[in-house]
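Okay, so subunit A shows up in both of these, paired with subunit B first and subunit C after.
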Partner chain A sequence: METKKTRFIKKAFYLLLSLSSIALLIIGWIFLASRRPGLFPSPQETWDRLILFLEKPLRGPLYKHVWDSLRRVVIAVAAACGLGVIFGTALGWSRLFKSTFGTIFEIIRPIPPIAWVPLITIWFGIGEFPKILLVFIGTFAIVVINTAAGVMMAEPLYLAVGKIFQANNFQMIREIVLPASIPAIFAGIRTALGVGWAIVLAAEMLGSISGTGFLIARGMQIGDTALIFICMFIIGIIGALLSLFASFIERRVCPWRTEK
Partner chain B sequence: MSVENGKIKLELENISKSYKVKKKDFLVVDNISLEVCKNEFLVLLGPGLSGKTVLLNIIAGIEEPSSGKIFLDGEQIYGTHRSICMVFQKIGLLPWKTVMGNTEIGLKLSGVPKRIRRKTAQKFIEMVGLKGFENAYPHQLSGGMKQRVGIARAYTNNPDILILDEPFGQLDAQTRYSMQDEILRIWEIQKKTIIFVTNNIEEAIYLGERIILFGKCPAKVKEVYDIKLQRPRNNMDPDFLKLRKLISSNMDIDLGV
Partner chain C sequence: MSKKKIELLGFKRDKWIYNIIIPVLSIITFLLIWELLVRYGIIPTRYLPRPSELINTFIDKLSNPKPEGSTLPMNILSSLRISLSGFLTAVIIGVPLGWFMGWYKPIDRFVKPLFETIRPIPPIAWIPLTILLLGIGIRAKVYIIFFAAFVPCVINAYTGIRLADITLINVAKTCGANNFQIFVKVGIPSSFQMVFAGIRIALGASWTTLVAAEMLAAGSGLGYMILMGRQFARPDLIVLGMLIIGSIGALMAIVLSKIEQRMEVWRFKK
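Then we have the complex of A and B:
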């Protein structure tokens, strides 16, 4: 039987377990650092590098680089969502639209975003726009596919409700189909934010003078492993925050969805 | 016909429906002709899977018949019609809308201004006893409350004909009884032509002015009963039990296969 005491002990045990695994990681880190000084910076060196960076910015302060990357992702993903939801809805709803544009979409979609880099660089250089465009290309399809799937799988009963109350095509989409597809659309947005975050880093590594991707690439060029570590941490944290952000927006937009 | 003035509201003429299953025609509704009188409480009784729901969907205009005609007030209709509304078996409240949002949807879709449609919807929300729940979402309601919203939603649209497809099938027995009284009470204050479908004999006798008994799939009319029992009806009444016995002896048993 589970008493209050045993439950507490169990809880403490599991907490201890996860804390010790983190401790183990740090110990392993320190150990490796001691074996390969220079190639593998210790926690202390990484921390010192971070302080140094905050004191002596590298082409702008740290937060500016993070902000630059984030801004590019957010702009691109917002555009991808706006257009993607429209395109995806049309694709999922209208047979006519699907047979007209669906095939073209299916041909272009499998091209990985990175394969667009050379063309985009030749056409648009390495400014702000080509990076945003690249992230857009990589995330648009994700939103489209998810939206179209959501629209096509909309609960037939809800459609019947729309039909019985004589909704016209436009009302059907606005009042029934889109709300019914929101879970699928948000799944797409969450994926798009994650993928967009990965693509912006790649874009910045290939040619940029700002952004987290630029920073980590610079770390590679000058052999500054501590800087690379810092960037990797930040990239991980931002990635996680983006996912949380998407869930937060979803909860705000759909109050009817119960917590599970 | 048992009904006041006997004016025919809805008429089905040789309605059939079949689906293609593995390149073979599978008949679900077999040549049904029937008349529904104005403000009548008609019950369609039949075993599960007897094609009743398909017939209802055809009357409501959600599905097209393979053959046959439907007349409303003597005029042939096609597809959905403003005067015919349906309370679905699975209710089908839109989870993203509140009780108010669900109730007013019919009026919203037909372009009634917000203030007016709110007022009408409010009236019917109160009529089904859900005052105070206007801003609740469907997932916060019990099964019986959801079904009340489904009924309020249909009434708010002010149809002449209301179709109820096994509306209480998923409720527990207690809620079911009180909902039966509720639907009769609403029918008394807001007379409408009601087509009520059920697979429950007691429910059929308790509610109906006329019962049309359906056979097993494909749906076809097996027998018609006029129910002349006094309301409120009592399911322990000898006449009630006699009817019950008579109808059950004619009802096909659904083995659920």
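Then we have the complex of A and C:
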């Protein structure tokens, strides 16, 4: 009985701590807003701005901007997965491929995707394709590295069994190597979705007329901090949702990986 | 015996071929194709510089502040200084915070809601707000990079210390160590591997974010340089900047893994 009581008190104490930290966040926000009025919007002002935005859209309604960004990420990540898995499998499987194309890949890889923006703008302008390409560049490398790591971790014993049964290279990859590397590939896809969501922001901030990145950059240009706040919230929420979605798919596809 | 030796030699030769000769050949082929494509006008020079041209640009840029206002060493120095100060601040604050959160439950409960609020926001999304509030000076950029590096440091220190072996903790308890002693002697050392993985992620993130920050608002730095390369239609400057950004990023990763090996000597000793 006594332990039950202490446990209850402990739980209440922890809950109180969590609540007080959230309260602290909100109080801090209000305090900052009162210190620098105009520049730092209060929660109320942010909410009003959101309502205003929903009533008077800025180059299209809010959901369209979100949808534009999401579409770019999804297309790019899908392409990166398709090509990345092929490239990564070749990289992990063939020594020759690794020492030729792998070398060039390793040289290009450390360049941050955002550093490609000026070159890609010179090449393709600021339309839809360059943004998708940019996200593709950023996510392709992640999928490739994870796939290659997964392929190289394939159980040597199984490969030996495959050899004994005279499987050819293609059969070995399809029947043994790829199933073994699915968890690694999906871990890569999950990371790629998160990274892609960040890159699309940068791409949109540096030249676009739609998308959440455009909205937040516009907020910066016209000094509309409330708009920036709204965008940061939306970006954070969608990023969190994307990561949840990816782990959900991951758990569906490879249920034996329950940890984390 | 001799057969074994021959096999070994063959293996060595194979390694030599695959690790050095073929990679070098493929880089040369790559550069050659690039050079020829541009030289014979299949790709116009206004889209892509020739590799040989890049060397000239590099030498020229070492002492020439044109067109955007700073020489290459100045740009590198300014980028490095900002990214490293943001990164180090994040490590110094983030790693201990992660340790405490992972070890002491009240701290975890208190910090978690705050941390989970800022965690999903990509560092790039902090740039507009920071610039509006703090201007485009060094302080604003250090702040942005701090955010980029802070999150992975905390997460990995947190996960790492939670992975501490329960047997070791019990041994320490049996020997009469108090909670704080166990935290220092068992918890922190067992988190080292994860912490280093986090620091590596943080380093990469801070470098990438710096480039983004410099492209959005700055008056110097490598990101500014490549952005101005676009403004002045100088693809050679852009590609040079990209290569330098990439190599500095790679170099920092190598240095970090060397430090990691140094510090984790006890792990390899046994």
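Note that in this section the second predicted complex is superposed on the first by the 239 of 260 C-alpha atoms of A that agree within 3 Å, B and C clash if a C-alpha of one lies under 4 Å from a C-alpha of the other, contacts with A are read in each partner's own complex, and residues count from 1 in each chain.
Basically, a contact is a pair of C-beta atoms (placed from the backbone, for glycine too) under 8 Å apart; a residue touches a chain by one contact, two chains touch by 3 or more.
Model, not experiment: these values are computed from the prediction.
> Which partner chains sit in contact with A:I51 here, subunit B, subunit C, both or neither? Use first/second/both/neither.
Neither: A:I51 stays clear of subunit B and subunit C.
> Using the touch definition from the top, say if A:P179 reaches subunit B (first), subunit C (second), both or neither.
In the superposition, A:P179 contacts subunit B only.
> Quick one: subunit B or subunit C, who's touching more of subunit A?
C
> Is A:W116 touching the first partner subunit B, the second partner subunit C, both, or neither of them?
So A:W116 only meets subunit C here.
> Is A:S21 touching the first partner subunit B, the second partner subunit C, both, or neither of them?
It touches subunit C, and subunit B stays clear.
> Could you look at A:F165 and tell me whether it touches subunit B, subunit C, both or neither (first, second, both, neither)?
first
> After lining up the shared chain so the two structures overlap, which partner does A:P255 touch, if you call subunit B first and subunit C second: first, second, both or neither?
A:P255: touches subunit B, not subunit C.
> Mind pulling up the subunit C residues that touch subunit A in the complex?
Contact set of subunit C toward subunit A: 18-19, 22-23, 26-27, 30, 46-47, 105-106, 109-114, 117-118, 120-129, 131-133, 207-208, 211-212, 215-216, 223, 226-227, 229-230, 233, 235, 238-239, 241-243, 245-247, 249-250, 253.
> In the complex, go through subunit A and note every residue touching subunit C.
Residues 13-15, 17-18, 20-22, 24-25, 36, 39-40, 95-96, 98-101, 103-104, 107-119, 121-123, 197-198, 201-202, 205-206, 216-217, 219-220, 223, 225, 228-229, 231-232, 235-237, 239-240, 243 of subunit A touch subunit C in their complex.
> Provide the residue numbers of subunit A that touch subunit B in the complex, in ascending order.
On the subunit A side, the touching residues are 157-158, 160-168, 171, 175-176, 179-180, 182, 254-258.
> Can you check the complex and tell me which residues of subunit B touch subunit A?
Answer in residue numbers: 57, 60-62, 80, 82, 85-86, 88, 90, 92, 94-97, 105-106, 108-110, 137-139, 157.
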